[in-house]
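One chain, chain A, links the two complexes that follow: it is found with chain B in the first and with chain C in the second.
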Partner chain A sequence: MSSFILRRLWQMIPTMLGVVLLVFFLFSFVGGDPAYLLAGKISNKEQIENIRTQLGINQPYYVQLWIFIKQILTGDFGVSWATNEPVSHIIATRIGPSLTVLIPIMIIEAVLAVLVALGVAYVRGSLTDRAIMVICTVAMSVSLLVYIIIVGQYVLAYQFGWFPVQGWGESFSENLFHYSLLPILLGVAVGIAPNTRLYRTFILDEINQDYVRTARAKGLSEHKVMLKHVLRNALIPIITNLMIYLPSLLIGHFLIERFFSIPGIGREVILAVERSDFPVIKAITVYVAAATMLSNLAADLLYKAVDPRVQLK
Partner chain B sequence: MTAPQYQASPGLWTLAWRRLIADRLAMISLVVVMAFFALMVASGTGLIAAKWADEVAVGYAPPSLFGTPATAVKNATSVSTTEPAENLYPGTVKDPLADEIAELKVQLGAQPGGGAKSSVGAGSTPLNDEIDYKDLDLGDLKVVDPIGAELAEILATTTAAVEKPRVDSLPFGADKWGHDVILKVIKGSETSIFVGLAAALVATIIGTILGAVSGYYGGWIDDFLNWFYSIFTAIPYLLLILAIAAVLNQKGVTTIVMILGLTGWTGVYRLVRAEYIKHSTREYVQAADAIGASNMRRMFIHIFPNVSHISLVQLSVHTVGFIKSEVILSFLGFGVPVDKVSWGSMLGEAQNELILGYWWQLAAATIAMAILVTAFSMFTDALRDALDPKIK
Partner chain C sequence: MAVSPMYLRRAGISGITALAAIFGFASFEVLAAPDMNKVVRMAIDAQDAGFDPVLSSNLYSGTVLEAVGESLLTYDYMARPSKLVPQVAEAMPTVEDEGLTYTFKIRKGVYFAPDAVFNGKKRELVAEDFVYSYKRFLDPVWRSQWKFLFDGKIVGLNEWAAQGEKSGRVDYAARIEGLQAVDKYTLRIKLKKPDYNFMYVFAMPATVPVVREAVEKYGTDIGAHIIGTNAYMLKQYDRGRRILLEANPYYRGTPWNFSASDEPEDAAIVASMKGKTIPQVGRVEINIIEEEQSKFLAFANGQLDYVYRIGNIAESWREGKGLKPDLVARGITRLDSIDAETTFYFLNFRDPITGGYTKEKVALRRAMLMAYNMEVEAATVRRSQAIVNQMAIPRGVIGYKANFRSVNQFNPEAANKLLDKFGYKRGADGWRTQPDGGALEITLNSEPTQVSGEYDKLWSKSLEKIGIHLIVKKGTFAENQKAAHQCQLQMWGSAWAADYPDGENFLMLAYGPNSMQSNNGCYDSPIYNKLYEAALKLPDSPKRNKLYELMVRQMDYDGVWKFGVSRIRSSLLHPGVLGYKKHPVLLAEWKYMDVDLAKRNAIAVKKDKP
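Up next, the complex of A and B:
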């Protein structure tokens, strides 16, 4: 077990190095001279030179790359170009609000989607099944996503006043039970359709297997067959899906964070792109990539817990 | 669907086409998708919607097709314009909203925002007729507005009769500048579908070539390309797109096609690579080797036809995905430039209009997009089922 983890961590190093190189290449070669960006429209040569020295971009590339790697390892990316707030502080303070909204969305969504998928897979081919699948397909178009958020916020919060329109407080419980309720509700409404479709195919893969017929032949109740036999075997791809999407959810729900002014990572990325705030984008990209790889590892470890037959090698 | 026995057995594509035709839902979807493509081509060549930028109506002219007769409307933003629509279509999604808006407007009293908007629109009309300001964006309009108001006063007294009249309502309503929303949606569809299709082509070609090379040669080439693949998949897709958008910092259709195409090839690569690994050791490839076919010939003349259905399905899948991505990018303002219109930029505008009660632009873009994406997704599913009957 521990040797498996060590080996996997070791294998992550070249990929991580590649991510660092890709980000470095993007921001150092493709993007052009950031000094001009920073100096703005009215700038003279002297100013530009000053900024270049400050950023260290008149040094050779290998030195710049080394600086970048040191930044990643120490977590010190300097300050944001737009607000002068330390980048490490930005990330540390934005991750909490993001998780406050995202973790409930993920749990509720996963439970509901699995239940609905079990239901429609059980009555597969019927009118109910087809109708729900068509609804899911329609709901997967992004315009509806935007529509749900805009209309949801407008009607439920602004007009009916059931929820706060937007905002964020100091205490955790206030944030979770007051400000996050509508974002969570809308997030679940948006995300449930694609997951239901996906989980249905996973469950259908299992439902026609021989062991299911055997279980029925033994006289087990339909409940037991579906929940104990089918679901447990379908859990592996479902867990993979959940774990793989956990880090990208940080970014994926940026629309919700934007509309509800939740000070999270996703909103920070949008702001940073709008302001060409490169240090923030670089830092978030590298760390989210690292988180993605770690959660892939966690998914592999979870397999073992779910299915004892899985061999870790 | 079992095909009867023929002397010459039908090929993969014939069989797949037969299965596809038998699927009625797939054929309906295909017709819808083709209609959108025809619309894109017609709009792109200037056959229709070429004059979408003409300011034919007053700002936010209401949609007359939804219960507002054109003659009855005097004030484009009065409360009464929204109420008939509400009564006629009690079941539609927009109605609760219209109700709320009406209430809101009553609360607000004289709806100052709407009134001001329409007067500004009317004031700038003569100016726009005198000088061709087609490519003007909102920011510029604000700058020239003071002069426009002065000019309007002078012109109104002199050339009022000659001035091209603006209608009070349109079948599908008008946007802030008085553009016909239906023409705008068609023009927006052109941009969005073109971006989706072009980006999907780029991604599929890159993914197929890299996957073919990787799976066919194996060895260090495979290792290297796999490393490349793992880098791109380690960074969440949207984050990567946004990072590149931030770096390039220039808007344009070509830019966004490149961003989406160059980042989206990973899915195609993985699938094509797996197929090439499987095929490269098969007997027919060995036979091709024996008769002296070159590596390139074996890869693309012999093996490719056997895996091309995967590329085709992926092309279809990615077109839908990239249309969605384009909408998000343009919605956030990182996508198409200001002088272009796409579904995303329409949604971006509509976001603020909704608060004022002008729902028609949001509805038009949403409906157009929902129809295409739904039809395209269903067609893709059917295509996959038809080409690979084992998956079901």
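Up next, the complex of A and C:
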């Protein structure tokens, strides 16, 4: 296993290089020119040139690329071009609030989606199954998230007073158990839909397998068949899906953060793109790319743990 | 015997009062310290960009800077139209040499708020602080967004910066002829040529002095450690979430002594505040709440004391010109103010289709402007939270003329006739062609936001009625800004907020030599340029303001801008919030406010306390 892990880690280097090149050239050619934004309302050509010189964006591309690579190697992405705040500080202070909301959403959503999917797969073709699938399809619309947030915030927080309307406190417990409850509830309410559909499909694939028929023929209870045999075999694609989702935690959830005034990384990402704040974009992209590769590796290791037949080569 | 008004805080106050009484110091002013239990909680709708005065032109950075720092001059809080008054200057400057030399006497005994950089000692504000701070605008290291305020204006300043650029580092110790601390409390500025609007620069938040020791200690992070002499100091800066200001213990305190203007709410404001000491409020809590619904609900819930910029959800709180009955029943009041700003759409004068000064080009531009109904934009997209401007200078700004009417009023019939007359023929498909037979398609640049989409649709429908095909090209604001700066956009909507309340601040946007700087349409009319240059040589006077009017009329005739709107900003206030009034130019009103704690505590905090 250790040689497998080492090999995979080694393979990450060219992948990361590809990501670096892609991000660099995408931003350099279509990312906008931050000099015009940084120059303010009134500026002249010399001022723009001076800003470009200071930011280093008028240097040859190979020099800029080398600086980028050095930043990755040292982990020091400098300061935000827009605010002069160190990028490491931006990420360190904004990632916590995002994770406070998104990790519970991911866990609750995964557990609930698996349970609901198991349930509807068991009663497949019934009215309940079809009704839940229709609801899930509607809920998959992105715009619905906006409506759910708006209505949820107005009704549950303002009208009923069950939750705070918005805000963020000083302590972790206050944030998790007070300010994050409604965002988590709404995030789960919307996010559960696509996963339920997906997991139902995975489970249905397994239910129709011969080994399930054999298990039933052997007289195993439905409970055992579903939880011990079907679910275990459906876990591999479910783990894949969860691991794909994992790196996205690093880019936060823009809408939820915006509506509930959560000082998370999602708002920073959008701001950085709007401001062409390359140091922030570079850092977050590199972290997300690294996290994606690591979570893929973790997924492979989990496959082995879940299914002993899987060979790590 | 008069003693300068200083803060006599807490325990010391009563003893000194008694002494003053015993020794008969009749004019001794005992100024009460701000009550630290009084907190103003409000929200801003976007993140600031730090508080380095030279670095950021962000609205909210400026707001906090204004509360923390003190420029030489400021505006009278209540006077309308806006009136300049001294702040840390003892008096208005003496202006000599036919407007070329400004001399400011700085108040003695003005101290910066405490900070670790001072090692526990009190640090007095001196003239040299202004010299240092103003030099930073030209120091290339700081890439100042406000460089234009001083660029090319002060004798020797640009040469000083050029010298520094050559050697790789500017020398702050070097003497500059036009920017000198004559003595500890005297600042002298010499201009290269008269500039009658230069006085306004000294009232801008960007020109608050910074402490050299702090800049040297904090470096590029000075924006998170700003130290000023004003009523508040930066207590906690939680970027992206909250900014906490606390009363500056070294602030000298001044009496609230403003007079009511003729605006209806003024009498009550003056009655509630007159004679009190500035500031009354001990702490200011600035929350970042980007969504208007979240902001309004937080206010309605009692989490905020007042709320501002909620026009996009006006239907949630507005009823006619007032408020919904449930809000009125809770004692909430509404105050409207109109920003000293204007929106506008410009057309590119260097573009092969929209540009040029020949009659048919002028006709095309004017027909396009006449096809668009700004009243509809104000009523629909802007939800009646805007007033339509007839000229480039908005109300509240010197040079505004209430009875001025644009010649390009909404009139699609006249627009069609104009196009017919100048050879823009309609084809079989209904779309017009250029007089030379070439295709007539106009590209409007816009941003990928929902509200921009609504403006795009209005323009598209409007131009369709006169047979002009509109193509909407979406791009980020940064992309559009860059292209506009290079005169590459055929048409783009923009807005300009007054840096200072003089029409020149708006009219410079159409001055030819400002092309590729601030004149994004690259309009370059010899007549207009001449009028502009003549106006610059005159002080505020009917003669100069007549020139402003002629310039706007020339813009009108040439079809330079579709004059837009000024936004109505409604503020909603809970009972107990006193002294609040939006100033057209000032950004931070907290030091002029008070909180009636009894009324404030009686507010039903509906569900949640922050």
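Basically, the second predicted complex is superposed on the first by the 301 of 313 C-alpha atoms of A that agree within 3 Å, B and C clash if a C-alpha of one lies under 4 Å from a C-alpha of the other, contacts with A are read in each partner's own complex, and residues count from 1 in each chain.
Rule of thumb we're sticking to: a residue touches a chain if its C-beta (ideal position, glycine included) is under 8 Å from a C-beta of that chain, and two chains touch if they have at least 3 such contacts.
Given the structure is predicted, the values throughout are model-derived calculations rather than measurements.
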With everything superposed onto chain A, say whether chain B and chain C fit together or clash. clash
Would you check which partner chain A:V123 touches, where first means chain B only, second means chain C only, and both and neither mean what they say? neither
Is A:S276 touching anything from chain B or chain C once the two structures are fitted on A? First, second, both or neither. both
Does chain B (first) or chain C (second) touch A:A131, or do both, or does neither? neither
Partner chain(s) touched by A:V23 [first = chain B, second = chain C, both, neither]: first
Contacts for A:L9 in the overlay, against chain B (first) and chain C (second): which applies, first, second, both or neither? neither
First, second, both or neither for A:A305, with chain B first and chain C second: neither
Stretch of chain B, among 3-11, 111-119, 201-209 or 237-245, that runs into chain C once the two complexes are superposed: 111-119
Quick check on my understanding: which residues of chain A belong to both its chain B contact set and its chain C contact set? 37, 150, 154, 273-274, 276
Touching residues of chain A toward chain B in the complex: what are they? 14-16, 18-19, 21-23, 26-27, 30-31, 37, 134, 137-138, 140-144, 146-147, 150-151, 154-155, 159, 247-248, 250-252, 254-255, 269-270, 272-274, 276, 278, 281-282, 284-285, 288-289, 292-293
Okay, in this complex, where on chain A does chain C touch? 32-34, 36-45, 47-48, 50-51, 54, 79, 82-86, 90, 93-94, 150, 153-154, 157-158, 160-168, 258-261, 263, 267-268, 271, 273-276
In their shared complex, at which residues does chain C touch chain A? 47, 49-50, 52, 55-57, 140-141, 143-148, 220-221, 223-224, 238-242, 287-291, 293-294, 297-298, 300-301, 303, 476-479, 481-482, 485, 514, 516-518, 606-608, 610
So, in the complex, the side of chain B touching chain A is made of residues 96-97, 100, 103-104, 227-228, 230-232, 234-240, 242-249, 324, 327-328, 331-334, 343, 347, 351, 354-355, 362, 365-366, 369-370, 373-374, 377-378
